[in-house]
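Heads up, there are several structures right after this.
Each of the two complexes below includes chain A, the first together with chain B, the second together with chain C.
Here is the complex of A and B:
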C-alpha cells in the first residue's frame, strides 16, 4: 500500500499536469464517464438510425416525407399519413391529459389533506405502472365499442381512441410531476400571498403556477415523450390504415401512427431490404420529433 | 417630506370597503386555540390602543405567533371573539381575504415574490389598480419602509436580488401598499444585521404615530427601544401587560420577573 502511494506521488504524478491530476479522483472519473456516455448514447442512437435508413433515403429522397401512399411491396413509401396520425394522437392526448392532470395536481396539492393527497398519488403511480398492452386491451374491449355505438361509426378504431388511450397513459406523469412542482413551493410564499388578501385564484395564477412552471414543463415533456413512443396500446386501437384523414380534422376514421407502423410491419420486413430501411426512417423521424419537442420545451420563452 | 400614514396619497381606488371608522383598534376577548389536542391559547384577552406600538414578548412556545395567525385568519379554529373596528372578524364584510387587506402581517422570514421590486410592492392591489400608474404610490410605500433610496434606480430588478434586510423592508412596503389599518409583526428583525434592524425600527416608530402595531419579539432591548405597551405571554396565557418603562422596572408577576431575569442573563452572555 505504502509502495503504491509512493509510486503515485513520486513516479506517476510528476509526469501528469496539475489539471489532469485534479480529475484523477475516481468519483470525478465516474461522473465524467456518466456524462459522456449520456451524450454519446444519443449520438450513437442517431448515427445508427441514420446509417440503417440511409439506403432508403438515397433511393427515394426526402420527398417521401409528404407522400401519402404506403405500399411497401410496390415500393411506394409515403410518410405523411403516419406523421399526421402521430401528431393528431399526440394533440388529442395532450388536450385531454394536460388540463385533467394539472387540475388533479392543483386539487391534490392545494385542497386535499396529506392523507388524501398520498392516496391519490399512489393511485396515479399504480396507473403509471400498468403495462401499455393492458391499456390497449382496455381500449379494445371497452373504449372501441363505446365509441362505435355512441358516435354511430363503422368501427371504433380511430385517432380519437388512440388519443384517449394515450391521454390515460400520460395523465399520471403530468399529474405527479405537476404535484411535485407545486409542493416544492415554500409555505412562506403561499402565506405571504394570503396575508396580502390575494384570493386563491390569483394565488394560483400569480404565485403557484409561475413558480411551478419549470416542473410542470418537465412533466409535459416527459408525457409527450411517452405518448410519442407508445406503440402497443396505439397499435391495438388506431386501426392501422395508411391514409390521410379526410378532411384533415376527421379523427373518427382509422389511421396510422409512426410507432404503430413500425410495430406492425417490422416482423414482415426482411433485414436489409428497402422496407426495413424505410421503417428505420420512421424511427429516425420519431427521434427527430422527440428532440424537437425537447428543444422547444427548453426554449427560453417557455422556461420563463 | 411628511411621511405620516395619513399624509400618504391614496392608491387609485381604495382597496378596502371596511375603512371609514374614526379609529382602528383590535380587541381580543377570551380567545382559545386548540391545535392537535394541544391548548395553544388560553383565555387571551387584550385590546390595542388606536395607535402606537405594542410589543408581545414571552418564551418560545408561549403562543405569540399563533395569536397573530388567529388575528389574520391563518388559524381558523380559534374560539372567543376578535373585533377590529368594533366589527367581529368572523363576520367581516368580503370574507377573510378582504380582512387580510386590512391587517398587514410581516413575518420573521422575508418572502418576496419572484417578480420585480415594483411589482412586489403592488402585488396585493387589484388588477385594475395594478394596471394604472402607481409610481407615486410605490415611491411613498418604499419611503415609508426606508427602502426608496436604495432601490429607486432599480425598481425593475428582481426582488430576490435584494439583501435579506432589504427584502424585509420590501415586505413592509408591500403590506403598506394596501393601506392597512394595523400592522402585525412576527419577529421582523430576528435575522437581520444591526443597520437593517435600526432602519426597520425607525420605520415602525414612524408608522406607530398613525396606526396600531403589534410586534412579537424576543429582543427585549428592541422592546425598550420601541417603547409603547408590552404584553407578556407564557404557556398560552397573558401574564402581564403594562407600559414599557413600568413593565421593565417594576414587573408585578413572578413569571415576568423570572423571564426578565433569564433574558438579562442571556444578554449578558
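Here is the complex of A and C:
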C-alpha cells in the first residue's frame, strides 16, 4: 500500500502536474528510484522465471501440474507430488506456529513486565537469526530419530518433520510482528476497555486483536513466504521422494517439496536443457503461489 | 565427517597470496582422495590451492561442460549425451577403482542377511520384496534408500542391478544425496538397504556379499582387483584440454606414487 501511494505521488503525479522543480528534489528522486526498482525487480524476476521455463511449458503444456510421475530422464515431468508436499509442509507449519506465535505475543505483550518482554523478544530474534541449515541439522539429529521411535515409523524423514522444522523457523516472525502490533495499540484503549468493565477475554477478542490484525496479518504473510521458499532445512528432513502421499493425508511417509526438488536437481541439470526449464517451472510455481497468497491476504473480504 | 572437515579446512585456508586456485567439483566418492591429495600438493606447491566440493558425478560433469570448474570428479562413465558435449574439450582420467557395496544396517546384518543375489536386490528395489522376512531376516519393513539421479553410484548400481542407469526404483522409500548422507541414514536405521562405495563401510554400515553364480563375493578391494565383484567401477577426474600447468601437475600428482598411496589409504584400488 505504502509503495503504491508513494508511486502515485512521486512518480506519476509530477508528470501530470508538471511540477518539474518540485520533482528535482534529491530526496524525491531517491524515493522515486527506490520505488521504481522495487517494482522492476519483481517484474524482472517473474520475467526471468517465465522466460527460462517457457521451453518446458511449450513442450509439455499445463497438464504437468496434475501429472504424478517425475522422471526427468524419461521426459516425464509431473508436478503434483511436489506441489502437494509443499502445501502440506506449509499447512503443518502454520497450524503449529500460528497459535503458538500468537499466544506468545499476547502473553509477552499483555502480561509480562517490560524486562521479561524484552528478554522474550531477544530470544525470538536470536531464533530468527539462526541459519536454516542449522535448523535442518537439528531436525536431522534430534527430530527425525524422535519421530521414528515415538511413532514407530520406517524413517523419520517425512512431511510432518518438514512442517515441524518450518514451524520453528517461522515462529519468531509471527511472534515478533504480532507483538509489535499489540504494543502499538495505545494504552487508552486498554484503559477504556477496563473502565467499561469488559472481562479479559472480551478485551482481547473485541479490542486488542481486531486492532492488531493488520500487523499480525503481515507477520503471517512474511512467515508464509519464508516457509514456502525454505530449501535447505526442508531438503534435509523431507526425504525427497517424488511420490504422492497415499492416502493424500498421509504425512508420515517421505515426500517431496518444490524447493527441495530444485535444491537436489539444479546442480546436474545442464543450462538450457528441458530439465533445467522444468526446475525453473518449479520456481515459477513457487513465485505464483507466494503472490497468490499475498493477494489473497490483501483482499478486503478476508481481512474483515 | 572427516571428509567434510577436510573440505572445510581447505575452503578456510584462503589467505590471499599470489596464488592459483583450482576448483574441483563432483562425486563425493572421489572427493576424499582429491581433497587429501590437495592438502599434500599444497604442502609441496604453496602457491597452488585446490578447492574441493561435492555435489555428485552429474554435477561434476555439468560443471566441466559449462566450464565452471577446472577439475571434474566422477564415479561413473559419462553418458553418450554428456560425452557429445565434452568431446574434444576434456580428458577423462581414471585415478582409482572401487566397489559399490550393497550396504545394510547393522541390525539387518546381525539378523542373518549376509549375502544377497543380484535378483534379490533387484526385487527389493523394484518393490516386489518389501519385508526382510522374505529374505530370511527379521519381520520388518525394508527401508530402501535410492540416490539422486545425478549420483554416479546410482548409475553404476542401477545399471548392474536393474539393467539401466536411469531405471525406476518403484520400491524406494527415500532419496539420499551424498555418501555421508546415505551413510548416516543407514546407520540410524535398523532396516535399511542402500548403495555405498566400499570405503564408507563401518561397524554400523555393513556391506553384504553379492551372490554371483552361487558364489558369495564380498565387496572388497581384492575382489575388485581380480574382477569377480559385479558392481565395480573406475573413479574418474575430468581435466579440460586447455587446463593450466598447475592443474595438470595436480592430476599427475594423483597418478604418481604418492597420489596412489592416498588412493590406497582412502580404501580404493590404485590404478597401478
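Note that the second predicted complex is superposed on the first by the 285 of 304 C-alpha atoms of A that agree within 3 Å, B and C clash if a C-alpha of one lies under 4 Å from a C-alpha of the other, contacts with A are read in each partner's own complex, and residues count from 1 in each chain.
FYI, contacts are C-beta pairs under 8 Å (C-beta built on N, C-alpha and C of every residue); 3 or more make two chains touch, one makes a residue touch a chain.
Keep in mind it's a predicted model, so treat the numbers as computed, not measured.
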| item | value |
| --- | --- |
| Partner touching more residues of chain A, whether chain B or chain C | C |
| Which of chain B and chain C A:265 touches, first, second, both or neither | second |
| Touching partner for A:114 - first (chain B), second (chain C), both, neither | neither |
| Partner chain in contact with A:152 - chain B first, chain C second, else both or neither | neither |
| Chain B versus chain C as contact partner of A:246, first or second or both or neither | neither |
| Chain C-contacting residues of chain A that also contact chain B | none |
| Chain A residues within the chain B interface of the complex | 186, 188-189, 191-199, 206-207, 210-211 |
| Residue numbers on chain A that touch chain C, as the complex places them | 71-74, 140, 144-145, 148, 154-155, 157, 239-242, 253-254, 264-265, 267-271 |
| Chain B to chain A touching residues, read off their complex | 72, 74, 97-102, 104-105, 107, 109, 111-114, 123-124, 171, 174-175, 178 |
| Partner chain A, residues of chain C touching it in the complex | 55-56, 58-59, 61-62, 65-66, 85, 141, 143, 148-150, 166, 168, 172-177, 184-185, 188-189, 191 |
